[in-house]
Every structure is written in structure tokens, then in C-alpha cells.
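Read through the structures below before going on.
One chain, chain A, appears in both complexes that follow, with chain B as partner in the first and chain C in the second.
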Partner chain A sequence: MNDLLQILIAGLTVGSVYALIALAFTLIYSATGVLNFAQGELAMLGAMLGVTILGDLSWAYVPGLIAVVVIAALIGAAYAEVVIKPLRRRRARLDIIIVATIAVSLLFRYGAERIWGTGEFAVPAPIKGSAVTFLGARINPQSFLVIGVTAVALAAVWIFLQRSTTGRTFRATAYNEQAATLLGISPARVVTLVLMLSAALSALGGLLFTPISFASAYIGLALGFSGIVAAIVGGLGNPAGAVVAGFGVGVIEAFAAYHVTGWQGAVVFGVLLIVLFARPSGIMPGRLALREG
Partner chain B sequence: MRLKAVKRAAPTAREAVGMAVILLAAAAVPLLTTNTYYVRLATLVAIASVLASSLNLIYGYAGQISIGHVGFYAVGAYTTAVLMTRYDLGFWVPWLTAILLTTILGWVVGKPVLRLRHFYLAVATLGFGVVVYVVINRWNDVTGGPIGVLGIGRPSIFGTELVDSRAYYVFVVVVALMCLFVIHLLVTSSFGRTLRAIREGEVPVASLGIDPARQKLLAFTISAGFAGLAGGLFASLDRYIGPGSFHVEHSILLLAVLVVGGLGREMGAVAAALLLVLLPELVRAAGENQHLLYAIALLGATLFLPEGIVGFIARLARRVTGSPDRPLLAAAAAQHAERPSPMVSSAQRQGIDSELLSVSDLSVGFGAFLAIDDFDLLVHPGELVGLIGANGAGKSTFINAVTGLVPVRRGQIRFDGRSISGAPMHRIAAAGLIRTFQTTRLFSELTVEENLLVAAARHGTESEVSRLLRLVDLEDDASLAASSLPFGRRRLLELARALAAQPRLLLLDEPAAGLNEAETAKLGDVLLRLCDTGLSIVLVEHDLGLVLGVSDRVVAMGFGQKLAEGTPTEVVNSPAVIEAYLGTKRSAAERGSSDPPHNPNKKSTEQETQWPSSRATSAPPRETSSIASPKRS
Partner chain C sequence: MQPARRVRATVAILLSIILLAAACGDDGDEGVTASPDNNGAAGQDSTDGGCEGKSGEIKIGYVGTLSGPASFLGEAPLRGAELAVKELNDAGGVEGFTFSIVSQDDELDPAKGVAAAQRLVSQDQVDVVVGAAHSGVSQAMTEVTEQAGVPQISPLSALNPLTDPVKPYFFRFWNKDAVIADTLAEFSIENFDSVGLLYETTAFGQGGKDALTAAFEEHGEQLVAAEAFDLTAQDLTPQLSKLRSAGAEGIIVQSQGPQAALTARNLEQLGYDARIIGHPGLAQQGFPTLAQGAAEGSIVIDGLDRDKEATQEFIEAYEAEYGEEPFSFYPATGYDIVHLIGEALTNVDCDVDKLRDGMEAVDGFQGVVGRDSAEISYGSDDHDGHGADALIFKEIRDGQLVPFEG
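Moving on, here comes the complex of A and B:
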């Protein structure tokens, strides 16, 4: 029972990171129709920026976190301007856009390798002290921080999408870009904003991930896989589905790691394949996205 | 015809040039260098060409993304390696076993996975790649785990093992060229054409009587087999394999270079192989920056070479030579062009009094809304039934339900005596029930002629294609891309494509929408001629002039129900139809008017003289359809 709770919380902790990345991925897809395969690398950049800002520069956690998120948002804006918008203007085929995002992911990864090297780094943990006992289970105190911050971030995004005017323009664009344009919404502006938000969410996920695990230039691939898979299995274009599936992937992975160490990748994909065969459009088919893809 | 023959030679010549360049380059390698490092790279390019071509078949041609293709490559490599090192079987038996195994595995994986679409398919194939990677990494007893398999031999030819790297290179190049040739034959065959049609849409393919799922599975299975074959060649190359060569990342890179090389082009796969193997070598000079440079090169290619490298070169070549890059009319078509042939065999025409299509108590609903409510319809052989009604009356839904595109909630649909309710779309179409779409669904990247050939291939009636093109005046546009046709001619092309699928009953959904008057008249003429050959037609159309001019019988629909049925004259004079179209009756009734419902009012009598007379009562459609259609909604 204690083991069960311990694994569950470990799973939800990693799942928080996946949920953030999955949400970021699904938001970009909803608003632009782009599948951003560089999503995991944006999370990696968050972690590595944390290494510099929190570690090397010894900033306090909260201003450091804000700085990382802001820098990531700026990288997201540059990504939108340099890559996504020109391709969309040219009405490039989806596969070309996918390959462009793969190229960007390589650019981020090897760029990070040049800046930070090939080593593994530890970001200073914001909460000091060893594991605490909670309901009889031994829990890493970082878990509470990760799950808590993620919950706040998810709530903020939800309120933003539902209540704010900008959030509504996102949803309008996702629902029908042409109609949104006729109403005076600028799709170009939405693209930039969505990429900024999405990069910020991913970077936050990467930053939260690092005290639990090491940071290196190479963590983006695995993080991206899990996050993107969660976004798709959750029902591409559905933010709630992405978040639920993100936590789900984390929990399945944690249980698989406990019972069949080393095989978790296969187990996670095995479970997800079964889910997909049962529900070919994901757990919660995307309401936001009516795109043909 | 001579002109066409000259034009046809151009792409063949260019293909030959491409092939010759590859052959020369391949032959030059062992002559130019004895450096084993370079020979190994050249061998890798040949292996990668096969691997990239296998992915090109399923992704480039059939449009089914596979992000786990290196998984099949890995299974091929490990099967060959493990069988060779564990059992003293030499190379050939393990290699052939590996090809067989990956082919079977392709079927086993493809069968469930190909039901998924787009990104869901992407994730499922990615999952396959991950599972294979985890298995080869962890199944230590068989695969050697992270260490891999050591001491793999090379194939022996006439008792001599190909130990020399140049000898093995020659062997691999010969095998690779044979593979590329087989794939060339596949993609230029009618199978390849069907795959390209599937890439553009599965519904229109199914509407022609072809089962897209089967074609996709076949392509996936063949593709997996070729990937396994390439894996076996790779196992023997370095005499060692480890999991590092088969990470999922390699699948993604493979996909990326294929797109950059030129997706759906045969030479694109070769370009992809060169990129995959040589680009890292070229940027190696950049030292620590090599990976970064690789990423920038890839990004630059996507931003500046939208059609891939091979597409770019082809465009340059077109600009230089000025020749079109299109396949042209098959020679067979020219030979058989003049042979007239009835649409329907005389055997089929015998049962002229029986019903071809019988629909009874049909109900179709979406949620709480009933689009069709208790609808009956009979169609006899050789009959042209017009189906009219306002927008939302359920006409298109009727076609969708009968052809299996939307599920039927209740009722019986029988075609030629057999029940077809609930049958899959392609099977209904294969029985001879062919439709067109309200918004045309052509294979827009295929040529006009190819659109028809896709439909005709199932019956082996490719020779009829040129006759059908002439029927709709499209013979001069045969080699144009379907997307380049103006709107009205696309409709005619879709009609011709439906005819190429050898229909017994043709369901036309607003074929005259977007046609000008002359084209509409021509269409009416064509429809009448088709019926004379014994074909049955259900014509859904808003152009009442056309419908009333050509139909033997007209059925009017409103709110999913039958309002009236009879000869064109009877139907246009039916009070229910007048009410639905002009709304006079209902408003009169609501006002409490004393008009008896069966007595047509003044307005309708006026209308009666304006309606064009039906086919039965004389007047050719060419004249009648020029009368402005009343109440076009």
C-alpha cells in the first residue's frame, strides 16, 4: 500500500512534466495545425537555463523560475517568426513542417551541447531536506513542489483560455481560422503568442523536472516523446485530454519501472497502443481541433 | 498520337539518365578508392537507399506515416545476425528468413496499426520502433543486450566469403539496384497509382470499389520486408551490430531526410540515403559544430527546398529542357480507343423489369436528428431517377447511406437482390453502385487520365479510359494534373471516373453544380446516352431543368421524407412539391384558406407550362435545359 502510494506520487510528479509538455504541444496544434516535434527540446532548454540561472548565477528560485520562463517565451517567439510563420505563409505541406520542427529540435539539442557541453548537471533543489513520510510513504519533497506548481500553471492556462480575450482568440482560431480572420483576429499574432505560451510551459516542465533528475542537453528527446505521445493519445487538440494523458503516462511509467525495470518504454507504448486501438481518436477526441490535419 | 509518343519519351529519358548516373557513381567507387572507410560509406549508402525506398513506398506513395521503420530494419538485422552466429547456416538462409519474418511482422503490425490515421498512426508506429529498441536492448539472452551481436559473417558466393570490403560492396550494390528496380516496377504499376490515390483520400478510393485498407496493408507489408532485407545487409557489413544503430531517433532522421530528399519520388529515396550517410561526413570537418551544422542544413532544406532536393532538380531540368514531367496516355489506350463497348453486359440487361436498387423504410440519423425518415425508393435497370428537394431534404444523406458512407439506423437496402445495408463502402461500390460527391473528391495530384485509370484498374479496362475521356470532352487534358482543371470540368472528370469504375447504378450528387449552360446540356445528353446502354442513374440535382428534362421518374424529398413520386410532370404539379418549393399552400393553410389541398392553385398551373417537358414526352435535353431552372436553391 505504501509502495503503491509512493509509486503513484512519483508517477504523478513525472506526469506533471509530461502534462505540461503535452499541453504545450496540443496548444500549438490547435491554434496552428503544426505538430511541434521540438517540444521536448524546449523543455530541455528550460532545464539547462535553470542550470545557468539557478546554479551558476545562484538566483533565488522564484525570480530564477520567472527568468527561465520569460527567456523560453522569447525563444518561442523567435521560433514562430523564423520557422513556423514562413512555412505557414508558403502553405507548406504538413510533412515538411514536421521535418522542419525535427530540424529545430536538433538545432536546440546540439546548440545546447555546444553551450553547456555533454555533461550532466544538477539544478539546486528549491526545497531542502531529505524525503518526508506522508501517509506511510516516503516522498521526495520536490514532488509537492512539482505537482503544486504544475497545478497552478494548468489552472492559469485554463482560466486564460476560457476567460481572457486573448485566450478566446486562440480558441476561435483553433475552431475556424478563416472565420476568426474575418472577425479581425490576426492568425499571425495568435501563432506568435501560442508559441510563446507553449515554449514557456515546456520550459517550466523541464525546470521542474531537473531537481528530480539530472539535466543534460540530451533529455529533450525522452521528455518530448512522452509529452507528444500523451498529447496524441489524449486526443490531439484537446487540452484536458493532454493533461490527463500526461499524468497517465507518468503513472504507467512509474509502475512499469518498479515492476519491470528497463522495459518501461515498451510497457508505456504497449498500453498506449491498446488505448489507441480501443479509441482511435484518443481518450478525449479533440473538441478544439476540427482540422483535417 | 505521334506527338504524344515523343512527349512520352522525355521522362523515360530523364529516368534513364538518373539511373545511369547512379550506376556510374556506384561503379566508380571501388575503382577510385581502396580505402575501406570510403567503401564502407558507399556500402552504407546502398543499404540506406533500400531502407529509404521502403519507407518511401508506404509514406511517400501511400501517404501512411511510419515513424518506426527502423524497427523492421532492426528485426531484419538481428534475425540475420543471431541465426548466423548461433547456428552454422551461412548468410543466405538467415537472410531470407529475416526477410520473410519482417514481411510477416509487417502484416501483423500493419493490420491493426493502419486502422489509425495521421498522428495516431505516427504514434503507433513510433511505439513499434520503441518496443523493438527496448527488446533488442534488454533481451540479453538472444540479442546480446547493449553489447549486441559480434562475429557476424559475410555472404559466400560460389564458396568464397565476401571478406573484401569491395567485394561485399559490389554484392550490396547489385542487391540494392535489384530492390530499387522492383520498387520502381511497383510504384509505376496500377498498384502504385492506387497508393497515390489513397494518399489523397481513402473515401473516394473506396467509392470506386477498391478496399483502401487492403492496399495499404499490402504496401506496408512489402515495405517492412524491404526494410528487413536492408537490415540483413547491414548486419553483415561491420560484422557487428548493437542497439545504438536502431534507436528510434534514426527512424525520425530517416523520415526527415526522405522528406528533404524528395518524398514520393524514386530518386528522392536515393538522395535521402546520400544525405543520411554522407551529410554527417561532410560536416565532420566542422569538428564540434558538426551536429549543429547538420541541423541547420536540414532546417534550411525545409525552408528553401519545399519539393525536396530531387523535386528541385526536376524543376530545374524542366526549366532547361522545357519538357513536361508527366506520364502520358498508355499505348494500349490508343489501340482500343475506337472500340465501342456497352456499359452493361446484355446478361445484366435482361432483368429489366426487376428492381436493381430497392430501399425500404430507410432511416438515417445523427444524434437526435433524423436526416432520413422512413424513405422508400426503387430503381429499375436502365432507369434514370431524379431526386429533388430543398437543401437539407436528405438527398446527399440518402446517397451517403446507400453507398455505406454513413451508417443506416433502420431499414433495408437491397442491390440486385442482395442486402447491402451495413456493408463497407468499397464492397458496395464493387457490386456496381458508384457515386460522385457533392464537393468533388478527385485525386488532385494525379493526372486526369490517372484518375480514371485508378478506377479502371480493378476491371482491367484501362483501354476504355480514352473513350470515357472523350465522352466528357477531356481527352485533350488527359495529362494535366486534376487540380489544374476548372471547376466545371472537375465535375465531368469525376463523372468519367465513376464510369470507369464500371457502375451498374450511378448515384450523382449535384453533377451540374458549377457547370455552365452548355456544359449542363452536354451532361444531360451524356446521361441519356448512358441510360440507353442499360445503366441506371439516380440524379440528385438542384437544376430542375436538367432533372425534369432527363428523368424517367422523379422523387421529391422534404425533411427526410418522400413528398411525391411520379413522372416529372406529375411531380412538379404535386401540391406537396409546390408547397415545399414555393410555400404557398402552407401559408394559405395557416391563414385558414378554404382552398382544397388537391386543387392546384393558379400559380402552380402557370408553373406547369414553364417546367420543361420530360424525356418521355419528347424535347431533347439540350433545348430544355436552357430554360432557366425555377427556384434554384
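Moving on, here comes the complex of A and C:
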């Protein structure tokens, strides 16, 4: 039995979800300066939409996944139009907008509780069949799916930011909103876009993971917490840092659970604190950041 | 204007002082108990007259978790209690006394439980409080019931200190942790060569770990590993890998249904064929449902012996009322408690104000929960309900609890 590899893959699987949430969180921060505390609840919505679309309506996995991501993006757009943009137009201070995101997170949670009830739901796994033995470790096929789809999604976002015109306007706004406006870029459009992207990424994370664990209206808080911590450790506004830190938090959690039972939570945050002492601006070099601290 | 205002202010302050003084006086006064209805007064007039000529209604205040992910904890005993009330009232009540239930949601929050108990005692003026399931909530509620002098009976709370030392007004119906841990240890040692523990990092999980470690040592054995996890954990692979390395063939899960289901699924994914051994908290529908087949063969402590006549009658009545069989003994706790209250009432010649004394006089009560031999006897220094006779090992087959066969 290869416990080391077993734990590593378990950590990377959970870390995938944290990475997606951390990336989504850091993208919103880059574009708007807002810390979106509703990020975990968007992942929860992805999981719960999966319960309805994949479970109750028994859609096939791929169309179901696309439907969940599209619905989440629309929710993200509504979030931008109804909450973030009106507050920005009224020149609300950043802290006010951040409190508004907390209100939105509660709204999502209680809303989900109303729609889906209070119970846990098992989401059917898209890949049937039992675990695969790989170098002495037994790997759940869903783990490959989670890590694989996450890798593809991260690559797609990277190409989008670097290569596409829209991605460039987005980076320009993140770097210097006023200069971007002078160049004819509409910051309002960028805000909607980034919230859509960010909601879609979070929902994808929540949806991918639930066949391994469970979906309920209450999973958002813990997922969001780890994701947001990863985004901060990765250097706020730094997408690559967020992703690396997301995987890192997952792996540290898994190894801490294995080696120092009962103290895993404390160990994870102890390690993260040490990282922040050593590199107060996050683990990744600053020049990769989209937004100046 | 100015002097008039000053006068009014002075009057207001004086009134406040008088009210405060009155309130403080009330605190020490025994008059703030719950049942100032006519029955109590009538009872005092004829202390030795038995139940003859008395009638009225026993108001039961029920506190349990009725919302959120743990709502089964409150809903199941309440369903049983409501069934018992309906049956008893249809048959004319107990010695001319009928029953009614007012229920309150504690949201699994001790502060909400206290507020609920307070409301039931002072606004609804209930004669007895039933609740809560969760030990932390029950403990917090005793503050109110002790103060008000209203008996409180918890259907499921198992925390040892709840009844040690004895609180005059608090009674538990179910087993305490020490007995459960001992029974679990004995069973595990008898049926498995090596046993590990998986526990949640909460007071409940930690307490269970300490009790089980001690119980194993008492039997001259040891747990091969004890692994902890946070309730928010989404994956238990690390903990289970550790238990597998330690060679555990049976794993005692000290947690709740969803976490047990996660354990079962992770075990299946790991291809690790250890059996789950669960305390009574796992005897809930959510465990097999969420495990999606992976819970088959898991062992769980239940409180129902389906060969017992009273139990069969209860299951039949429950099915007729709710259209489904009870999954485990949870609903039966509420059912039995209502009958217990009826017995307590007759023990004190239907003097509702003495219900607490009637509870202490309960001797050899037999209900639905437990084996044929299981009974509850309270006393002035014993407020513990059932003992090991009510702990019945079951295993999950086709998603249902069936007697353990090995």
C-alpha cells in the first residue's frame, strides 16, 4: 500500500476545488478590489444545481456540467448587475461592498436551504466502476476527473487572460482602471464579465467535487474559507499564486490529517502563517500579480 | 415644560426601581413555577384523594432540532410523542388527564434551546419539558427548567455529566456515554481482532474517544489507532489510510450519519474492507441513504427489538400514522416518554405540581425501547434512564437495520 501517493492524490483532489475557488476570488479582487466573501456559496450553488440537473433530472454528465456552469455564470452576471455595479456607481467604499458580499453569501445559503432543504445529497458519479490501482495506491476515478477538468479549466482561463482581446482588456482594467477607461475599455463590462467567469469557476469546483463527498446548502462556508485563505497566501490578485496555494492547502490538509490527527486545522493554519511571515505578499513573485497591492 | 419633564423622569425612575425590586423578589420566590392551572390548586385541597374527581390537561413542551441538517434529531422523537398523545387522548387520557404538545425548534444551538425552554415555561406554562436531543442543548436548558421547577426529560442526550451530579428536575431517557462506550468496546473486542477509532474534532467526538480508550483499557485491550477529522472535511482518505496501515478490521465511527456515510464511501473507494461500528447516533436513515450502498454490512447500535410485542405494536401504529416504518428507535423515545409522564402522574395521585416526584417514583417502567428485560427506574439519586439492556446491535442490509448476525 502506497499511503504517500494515496494522500497526495486525495490532497490534490480537494486542492482542485480550493484552487478553482481561490482563482475565482482573486480574479474578482483584481478587477474590482472587492473581496467576495460569497465565493464559497457560489461553489455550493454549483453543487446543488448538480443535485437537481444531474440527479433529479438525470441529464448526462457533460451537458449537465455545461448547464450548471452557464446557470452559475448567469447568477454571477445578476450578482454584478444587482449588487456590485450599483454600489460602485454610488461610489460606495470598498468595505461597504465587501459587507454586501457577506450579505449575498447569506442570501445564497438561506435561499439554497429554502429550495433544496436542509439535508445532504449524494450526487451520482459520472464515471462508474471501481477504484484503479496505481503505483500501490487505490485511486477513485472521480479524482482523475476532478484534477483533469480543473487543469483544463485553469489552462483555459490562462489562455483567455493572456491571448484573447477580452482577456487583455480585463488585465488592463485590473492593472490600471483609469488608464484602461481612457483607452476606451468599459470597466462596467469587465466587472460583469469577471463575475460571470468567477461564478462559473466556483460552481465548477463545487460540482466536480460532490460525487466524492456530499452536497448540502451548508458546504459553502468551509469551501470558501479554504479557497479564500489560498487566494491570500497565493498573493491577492495573483492568479497563478492562487492556484498553487489552492493545491497546496489541499495537500497540507491531507498530510496533516494523516500525520497529526486532531490538530490538522491548527497545523494547516500554522504552516500558512509561517509562509505569510516569510513572504508577506504571498508565495508568488509580485510581477505576476494582476493588480498592484 | 422643564419642571414637568423632571417630574415625569423622576416618576419613571421610581417606577423602574419598584419594578426591578419586584422582579428580584420574584427570583427567590417559589411562586414562579409552571403550572398555575386549576388542577394544581384542586390537588392541594385533596392530597390523599387519589386521582378521583381530578381531570385536566398535561401540557408537554417539546424542544428539539426541527430545522437544519440535524432536523431528524428533533423530528423523530416528536413524531413518536405526537403518536402517543393521539393514542392516549383517543382512549380518554390517563386517569382523566389528556395531553397536548407545544413544540419549539432549538436549531441545534444551546442559546436557542434556552430561549425555547424559557418560552415554554413562562409563556406556554407547560407542565413538563421534553428535550433536547443534543447534550449541549439539554445541558443549557437545565438552567431554565431547574430555576422554574419544571421536570425536563431528554430523549437522547448521553453526555455523562448531565446526571452526575443529579439535578433535581432533569431526567434522561436514554443511555449515558459511559455505558454506550463500554458496550461498544465489549462488542468490538468480541467480534474483531483489531479495532480503530475515527472521531470528529468536537466535544462529542473527543469525549467519545476518551470514554472508548478507557473502556478498551478496562477490558485489557487497546484501539490500534484513533484518527480525528474536522466536521467540514470533504474526504477521509488520509485518516482511513492510517487506520488501514494500523491494521484495523473494525472502525468505530464517533460522529454523525453524513460523516459515517462519507467513511463508508471512502472505505469502498480505497478497497479497504473494514466494517464500520457505530454508536446510536448513527442509527439514522441518512447514513445508508447517503452512502449509496456503501453502508451495507455496517454495524450500528439501535434501541428496537422487533421481536418484542410492544415494539411490534408501536411500529404498526407508527406506520398507520405516518405511512412508513420508523428507521430506528428515535421515534420510540418520544412515544415512551409520554407514557413515562403518564406513569409519573399516577404515581403522585394526579397532582400535576408534583410531577417531578412522580418521575423519581417511576419503578420498572417498560416501554417500546429496548429488549424485553429493559426497564427504567428513577430514584432521588438516579436520574439515568435505560441501561445496556436497551442497546441492540444491528447491521445494515438493503438499507435497513436488521439484527446483527456476525
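Some observations on this one:
In this section, the second predicted complex is superposed on the first by the 281 of 293 C-alpha atoms of A that agree within 3 Å, B and C clash if a C-alpha of one lies under 4 Å from a C-alpha of the other, contacts with A are read in each partner's own complex, and residues count from 1 in each chain.
The rule we apply is simple: contacts are C-beta pairs under 8 Å (C-beta built on N, C-alpha and C of every residue); 3 or more make two chains touch, one makes a residue touch a chain.
Nothing here was measured: the structure is a model prediction, and the numbers come from that model.
In the superposition on chain A, A:Tyr61 makes contact with neither chain B nor chain C. Residue contacts after overlaying the shared chain place A:Ala257 against chain C, while chain B stays out of touching range. Looking at the shared chain after the overlay, A:Phe134 reaches neither chain B nor chain C. By the touch criterion defined above, A:Phe144 reaches neither chain B nor chain C.
Of the two partner chains, neither chain B nor chain C is touched by A:Tyr175. Once chain A of one complex is fitted onto chain A of the other, the partner contacts of A:Gly265 extend to both chain B and chain C.
Touch criterion not met for A:Phe160: it reaches neither chain B nor chain C. Where the contact sets of chain A with chain B and with chain C meet, they give residues 221, 262, 265.
Contacts from chain A toward chain C in the complex involve residues 1, 3, 6-7, 10-11, 13-14, 17, 118-122, 130-131, 133, 138, 140, 209, 212-214, 216, 218-219, 221-223, 254-255, 257-258, 261-262, 264-265. The touching residues of chain B, counted against chain A in their complex, run 59, 65, 112, 115-120, 122-124, 126-128, 130-131, 133-135, 137-138, 248-249, 252-253, 255-256, 259-260, 263, 288-289, 291-292, 294-296, 298-299, 301-303, 306. Within the complex, the chain A residues that touch chain B are 35, 37, 83, 86-87, 90, 92-93, 95-100, 102-104, 106-107, 109-111, 113-114, 221, 225, 228-229, 232-233, 236, 262-263, 265-266, 269-270, 272-273, 276-277, 280-282, 293. Considering their complex, residues 67-69, 71, 201, 226-230, 232-235, 237-239, 241-242, 244-245, 258, 261-262, 265, 268-271, 286, 289-292 of chain C touch chain A.
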